[in-house]
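Same chain, two partners: subunit A is paired with subunit B first, then with subunit C.
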Partner chain A sequence: MATTKLAFIVKSLPYKTEASRLALTHAIASQTVEIYLEDGDLVEPLLAFVGDGVLNCLRNQKAMQHYGITSLEQHLKNALLLDLRVLICKEDVERFGLSEDALIMDAEDIGGETRASIAPFNEIMKEMDSSDHLLFF
Partner chain B sequence: MGELSSATPTETLDVLGRVCPYPLVLTKKAIEKLPSGAILKVICDAPASAEDSIPRFAEKQGFKFESVRNEGYWELYIQKK
Partner chain C sequence: MAKLTIGVFSSLVGSLSLDFAVKLSEAAIKKGHSVDFWLSGNATMLSKKGQRSFKDYSALQRSIQDLLTTGKFQITACEACAEARGFHKEDTLEGCKRHSMDWYLASCFSAERVLHIGGD
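Showing the complex of A and B:
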């Protein structure tokens, strides 16, 4: 019986690359692999946005209008709906002059109960250090 | 009708239109909140979830499971151990 900690670290910009969309998809999908593991084995995913990646968390994304594709906003809300732990780097949020109001912090509108957290980078580093696998996107 | 599908479910979860892995993860989340013995009815139209991942999850957890196939969707009944 073991818990495997996975950290999905998103540092890519939200559009013109599939990286962050893939990160979200993999992080969400990782919650289902338990059905294929030995009894009692668990997977604990973490999704962290750092550097330019914090821009994935902006509210009111107009992806359909600008790029003709679905927004990452709903994807991120789905991650929160599914109780994924989401951390957003505090220093990078400040670097872009953003406030919590500008970011997707919850998914209450679709029934989600889990909130994203704005966390200092050293806290994200601790999470990365204690993870079994780091996946960068 | 089976034992579970003929009983009144404790809660119904509608995941119509959602594709893998959402039906399974939402099912897991819903059943976590239910007490032992409760029956969750899941309405699902994603074949991979209805025919593979959700039944596999129920079996692994030792939950009773029944599936009723309808035109274009499934009704899945899971009784929490």
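Showing the complex of A and C:
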């Protein structure tokens, strides 16, 4: 029995490239990885949004209306619904003049119970230090 | 000997990241290590067979085929990323597998080192 902690660090802007979408879809794939693992083995994902990446967490995204594709908001809510840990960098939230009200902090509207956390960068660094592998998007 | 997992997200043409990742794989295998190579996003372009070699563009099909003969190299493309780009199963390079993203995470699980090379 072993657990491998994978930190998905999202620093890319939303929609400009595919990067942040791939971060979310790869992180969510941790929920089906056991089909490849031995019984009891586990992948523990952490999603952290830093730098420009915090803009992926803005509420009320309209990707379906404008581009005809799922929004990153939907993906982020799915991640919360699946109880993934989500951290949003406090300093970068402040740098953009944002507040918690502007951000996707929960997935209550689809039945989720887990909440995202706005965390200082040094806390995110500690999580990165305790991860087995870092995946930057 | 160790297992190295390399995830690449950059396109075959327009970036040299895939060239670097393939050269790193060759070096690792030469040292006796094994390599799992994950292609996602635009990098799935490398999984398409029938690539032509021009001096002005990266051409890695031959290198991948040589790596596959070592028996220490696995290459897998993200199936959804490939399909979204019109790269179907019948278009896939011989020896290249196609799976969903959990394959990559499972490979990371058992890797001694993971090198994740992002896209644009």
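The rule is simple: the second predicted complex is superposed on the first by the 132 of 137 C-alpha atoms of A that agree within 3 Å, B and C clash if a C-alpha of one lies under 4 Å from a C-alpha of the other, contacts with A are read in each partner's own complex, and residues count from 1 in each chain.
Just so we're on the same page, a residue touches a chain if its C-beta (ideal position, glycine included) is under 8 Å from a C-beta of that chain, and two chains touch if they have at least 3 such contacts.
Quantities reported herein were computed from a predicted structural model and do not represent experimental measurements.
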Touching partner for A:78 - first (subunit B), second (subunit C), both, neither: first
Touched partner set for A:105, first subunit B, second subunit C, both or neither: neither
Partner chain in contact with A:32 - subunit B first, subunit C second, else both or neither: both
Of subunit C and subunit B, partner touching more subunit A residues: C
Which superposed partner A:128 touches (first subunit B, second subunit C, both, neither): neither
Touching both subunit B and subunit C, residues of subunit A: 29, 32, 35-36
Touching residues (chain side subunit A, partner subunit B) in the complex: 28-29, 31-32, 34-36, 39, 78, 81-83
For the subunit B and subunit A complex, residues of the former touching the latter: 20-22, 24-26, 28-29, 53, 56-57, 60
Residues of subunit C touching subunit A in the complex: 7, 9, 40-42, 81, 100-106, 108-109, 111, 114, 116, 118-120
Subunit A to subunit C touching residues, read off their complex: 2, 4, 6, 12, 17-19, 22, 25-26, 29-30, 32-33, 35-37, 41, 43, 45, 132-137
